[in-house]
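Paired with subunit B in one complex and with subunit C in the other, subunit A is shared by the two complexes that follow.
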Partner chain A sequence: MHLELGHILINDVQFGQQTAIENGVLYVNKEELINLIKEDEHISKVDVEIAKPGESIRITPVKDVIEPRVKVEGPGGIFPGTLSKVETVGSGKTNVLKGCAVVTTGKIVGFQEGIVDMTGPGAEYTPFSKLNNIVLICEPREDLKQHDHEKAVRFAGLKAASYLGKVAKELTPDKVETYETLPLLESIEKYKDLPKVAYVQMLQSQGLLHDTYVYGVDAKQIIPTILYPTEIMDGAIISGNCVSACDKNTTYHHQNNPVVEDLYAQHGKEVNFLGEKITNENVNLADKERSSDWTAKLVEFLGLDGVVISQEGFGNPDTDLIMNCKKIEEKGIKTVIITDEYAGRDGASQSLADAHLSADAVVTGGNANEVIVLPKMDKVIGTLDYTDIIAGGFDGSLSPDGTITVEIQAITGATNELGFNKMSTKML
Partner chain B sequence: MGNIRVVHYLNQFFAGIGGEEKADHRPEVREAVVGPGMAIKAGFKGQADIVATVICGDSYFGENTEEAKAEILELIKKYEPDLFIAGPAFNAGRYGFACGEVADMVQKELNIPAITGMYIENPGAEMFKKSVYIISTKNSAAGMRDAVGKMVPLALKLINGEEIGSPEKEGYIERGLRKNYFADKRGSERAVDMIIKKLKGEEYKTEYPMPAFDRVPPNPAIKNMSEATIALVTSGGIVPKGNPDHIESSSASKYGKYDISEFDNLTDITHETAHGGYDPVYANLDPDRVLPVDVLRDLEKEGKIGKLHRYFYTTVGNGTAVASAKAFAEEFGKELKADGVDAVILTST
Partner chain C sequence: MVKEIERVGIPVVHVCTVVPISMTVGANRIVPAIAIPHPLGDPKLDPNEEKNLRRKIVNKALEALSTEVELQTVFED
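Our next item is the complex of A and B:
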C-alpha cells in the first residue's frame, strides 16, 4: 500500500466570506460551518472561534483535536466507517491542512476533558498550542444523555475537519511525503537482512469517553488485527475518548502517529517495518487475556523480531500493557513499551499499576501528577466551570484571579504515550 | 552576607570519645570543629564556619530516639545555623540511621537545608534517601576527602536555592523521585532507537526501571461469618450525592467516611460516583453496583453475616499515588479495627 501525503501549509486562519485557502491562509465561512454542525438535532447551540499560537487564550474542556484532510486520489474517503463509506483507505493521495486543527469544546461530558493554553507555561506541554485552531463550542440539547452527548460532539469535530479538508482537494501541495508498506512476504524479501519490526498500538476501550473507533467499529468489539500504517493517516482510527486529557490519543494523534512516522524513517535502513497491529484495553479480565494472547500470537505468526508497543491511558490499561509485553517477550520477541507515569505529585510513588521484569525497555511520556500553575489568560474559549473537577484538578484548582493550579494530567496531550512529545522523566 | 553558619553532627566514635563502650554517650554540644569537621571546614574554603558540633552516642540515639532527637534539636536550634551537616556515616548502620533521622528533623523543624553522607548499602540510605540529600560515600572513613568534595558543592547549591542536578552529577544517592524534563528527541524516536539497540544487542537505558511490587498476603479466613461485622471500602468513588468532601476525580488527596446505617439500598437520588476513570453512567444509575449495600443488607437479614458496619470508606483510585492510598488505608484501617470490624470487602470499579 502506497500513500502520498500532500502538505498544504497553513500559516493563518481567519473568518471569511467563503471557506477557502489562499496563500497559506485558511478562510472559514463561520455561518456555513455552524449550519453544518447544527444539522445534528442533538446539538442545541454551536459557536466557532479561532485560537492562534501565542495568543492569550485558554481552551477548555477540550474533547478532541482533529486535523483536516481530504482524499485526492485512491479508494475511500477520510474517516472511513464513520463519515465516509467503509471502504479501505490508505493508498493513493491525501491532502493535509498542515498547521491547523479543529478543536471541540463545550459543556463537559465526563471528567476527562482537558486544557489547551495557547501561550505561557501550559503551552509548552501541549502540541496543540502550536497550531491555528478552529474551535467548535458545541452545547448539547438539554435532555441529552452522556453517551449521546459524546457521540454528537465527536461527529461535530469530524464533520468540521472534513468540511475544511475538502477545500484542499484541488490544491497543489507545498510538500509531499510518501509512505509505502508492501505485502508481508514481499517486504520480508525486500529487506531480508534487516530485523523485522512492527508497531503494536493499544486503543482505549474502557467505556464512555474511553472509546476508540476503527473503521467505525467500537474498539471494545475488536479482536487484535493488522493494518497498513497508511490507513490511519486517512482516519481509519478516530478518538471517542478522553482518558485523562494528558494521555488520550486525540484523532489528530492517530492521523499523525509518531511511532509510525519514526518506524517509516528507519524502514529499509535499520529495520524492516512490517506494519501495525491494533489491540484494545477492555476492562474485563477475559477480554484482557484474549486480546493480549491474540496480540502475542499475531506477532509470533508474522515472524517478527521486535515490536514497539504504545499504551493509551493509565491504571487499568497498565495491566494490558504489561500482559502484552510479557506475552510477546515470552515468545522471544523483543519489545519496547511507551507509557506515562502517575508517580504522585512528589514523584515518590511507583509509576505504573503493574510491572514485570520483562518490561526492560520503557519510554515514558512523563509523570502526569506533576503540578503546574497556569496563569490567567485574557480569553477563555469554552468554560472554566469544570476546572476543579476535571481529572488532574482539585478543590481550589481555579483561583479567583483566574490562575489554575493543576496536575499536568489536565493538559491535553501532555504525557502522550505515542511518544508525540519530548517530555520524559528521570530519577532523582 | 557573612559566612554560612554550619552545625555539624557526629557520633561518639568520630568525635574521638570512644568506640562501642562509649556508644551510650548522651547528646552534648561543643563550640568547636571536631574530627571530620576539619575536612568539611577546609572544603568550604572560608565560605562557612562550623559554629557548633553536636555529638551523640549511637546506642543512646538508637534506644532513645525520640528523646535524643528532642535534645539534639534544642542543642542545634540555639546556634541559628544556615546549614546542617551530619556525618558522613560511611557504612556504619546505626550512625547512618542517626544522621538520617537528625538531618530529616532539622530540615522539617528548622526549615534549613541538611545533608549527610553514607555508603550506598548503609541501611540509613534506603530509609532516608527520599527525604534527605545523602552524598554517596565510600564504605569507610578513607573516603572522607572524596565525600567532602561532593558535600560542599551540593550544600552551597542548596543554600543558594540553585537547581540540583542529577544524582550522577551531584554525587548524592538516587532519591527515587521521578522528575519530568524535556528530552532532545520525541518519545517515539527514543522508542525506535531503543528497539534498534535492543535488537542489535547493544546497550540501552530504559527510562523507567521496573519496581519491586508490594504484595500483601491475605489474612486468614473468617470462621464464623454469621457473627462477623463487615465493612465496605471502595476505590470506586461512591459518595453521597453532590460529593460533599470534594474528593478529586483523579489523583485523590483524601478519602471520605460516610454513614450508611439509614440505607438499605443506594440510588441515583442518594449517591453517585466521583471517579473520573470509568464510565460513570451505570454506577450513577445504581451506586450499589460499585458499593453493594443492597446485597449486604440482604445477607444481614438472612443471617449470613453478623452486620454491615455503620460507615463506609471511599476514595477515587484513578491516578492516585500509591503513597496516598497507603496513607489513607493506614489511617482508616486503625479506625476499622478499633470499631470491631472483622473483615472488609474492598471494591474497585
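Our next item is the complex of A and C:
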C-alpha cells in the first residue's frame, strides 16, 4: 500500500466570505460551517472561534482535536466507516492542511477533558498551542443523554475537519511525503537482512465515554488485527474518548502517529517496518487475556523480531500493556513499551499499576501528577466551569484571579504515550 | 490498602477484576470480580439474577477469608 501525503502549509486562519485557501491562509465562512454543524438536531447551539499560537487564549474543556484532510486519489474517503462509507483507505493521494486543526469544546461531555493554552507555561505542554485552531463550541440539546452528546460532538469535529479539508482537494501541495508498506512476504524479501519490526497500538476501549473507533467499529468489540499504517493517516482510527486529557490520543494524534512516522523513517535503513497491529483495553479480565493472547499470537505468526507497543490512558490499561509485553517477550520477541507515569506529585510513588521484569525497555511520556500553575488568559473559549472537576484538577484549582493550579494531567496531550510531545529529562 | 490492613494482623480478601494487578501488588487472597466499572454486579442481568451473582461473590469472599493460605491464592469458581 502506497500513500502520498501532500502538505498544504497553513500559516494563518481567518474568517472570510468563502471557505478557501489562498497564499497559506485558510479563510473560513463561519456561517456556512455553523449551519453544517447545526444540521445535527442533537446540537442546539454552535459557535466558531479562532485561536492562534501566542494569543492569550485558554480553550477548555477540550474534547477532541482533528486535522483537516481530504482524499485526492485512491479508494475511500477520510474517516471511513464514520463520515465516509466503509472502504479500505491508505492508498493513493491525500492532502493535509498542515498547521491548523479543528478543536471541539462546549458543555463538558465527560469529566476527563482538557485545557489548551495558546501561550504561557501551559502552552509548552500541548502540541496544539502551535496550531491555528478553528474551535467549535457545541452546546447539546437539553435532555440529551451523555453518550449521545459525546457522539454529536465527535461527529461535529469530524464534519468540520472534512468540510475544511475539501477546499484542499484541487491544490498543489507545498511538500509531499511518501509512505509505502508492501505485502508481508514481499517486504520480508526486500529487506531480508534487516530486523523485522512492527508497531502494536493499544486503543482506549474501556467504555463509558472512553472509546475509540476503527472504521466505525467500537474498538472494544474488535479482536486484535492488522492495518497498513497508511490507513490511519486517512482517519481509519478516530477518538471518541473523554479519558484523561494528558494521555488520550485525540484524532489528530491518530492521524499523525509519531511511532508510525519514525518507523517509516527507519524502514529499509535500520529496520524492516512490517505494519501495525491494533488491540484494545477492555474492562474485564477475560477480554484483557484474550486480546493480549491474540496480539502475541499475531506477532509470533508474522515472524517478527521486535515490536514497539504504545499504551493509551493509564490505570487498568497498565495491565493490558504489561500482558502484551510479557506474552510477546515469552515468545522470544523483543519489545519496547511507551507509557506515561502517575508517580505522585513528588514523583516518589510506583509509576504504573502493574509491572513485570520483561518490561525492561520503557519510554515514558512523563509524570502526569506534576503540578503546574497556569496564569490567567485574556480570553477563554469554552468555559472555566469545570476546572475544579476535570481529571488533574481539584477543589480550588481555579483561583478568583483566574489562575489555575492543576496537575499536567489536565493539559491535552501533555504526557502523550505515542511520544507526541517534547518533555525530556535534564542532562547532567 | 490490602497490605496495610494485613500488616496489622487482619486477613483481607481482595475482590478485584484485574487479578494480575492484585498479584503484582501482593494480595494473598484474591476473588475475581466482574468488570472494572461494576466489580460486584452486572447491569446486563435482571435484578434477581444480579442479586444471586452478588451473593455468590460475597460468599466466595467469606469462604476465602476463612481459608488458610500459604501462597498468594486466587479463589476461582
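The rule is short, and it goes like this: the second predicted complex is superposed on the first by the 423 of 428 C-alpha atoms of A that agree within 3 Å, B and C clash if a C-alpha of one lies under 4 Å from a C-alpha of the other, contacts with A are read in each partner's own complex, and residues count from 1 in each chain.
Definition applied: contacts are C-beta pairs under 8 Å (C-beta built on N, C-alpha and C of every residue); 3 or more make two chains touch, one makes a residue touch a chain.
Everything numeric in this text was worked out from a predicted model, so none of it was measured.
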| item | value |
| --- | --- |
| Touched partner set for A:207, first subunit B, second subunit C, both or neither | both |
| Which of subunit B and subunit C A:16 touches, first, second, both or neither | neither |
| Touched partner set for A:319, first subunit B, second subunit C, both or neither | second |
| Contacts of A:375 with subunit B and subunit C, given as first, second, both or neither | neither |
| Touching partner for A:92 - first (subunit B), second (subunit C), both, neither | neither |
| Partner chain(s) touched by A:195 [first = subunit B, second = subunit C, both, neither] | first |
| Touching partner for A:285 - first (subunit B), second (subunit C), both, neither | second |
| Touching partner for A:355 - first (subunit B), second (subunit C), both, neither | both |
| Partner, of subunit C and subunit B, that touches more residues belonging to subunit A | B |
| Which of subunit B and subunit C A:364 touches, first, second, both or neither | first |
| On subunit A, positions contacted by subunit B and by subunit C | 206-208, 283, 316, 355-356 |
| Residue numbers on subunit A that touch subunit B, as the complex places them | 110-112, 124, 145-147, 195, 197, 206-210, 243-244, 258-259, 261-263, 265-266, 270-271, 283, 305-308, 310, 314-316, 334-336, 338-339, 341-352, 355-357, 359-370, 388-395, 407-409, 416-428 |
| Of all residues in subunit B, those that touch subunit A in their complex | 130, 164, 166-167, 174-192, 194-196, 198-199, 204, 206-211, 213, 246, 248-251, 253, 275-281, 317-324, 349 |
| Touching residues (chain side subunit A, partner subunit C) in the complex | 206-208, 283-285, 288, 316, 318-319, 322-323, 353-356 |
| Subunit C - residues contacting subunit A, complex | 17-21, 24, 32, 34-37 |
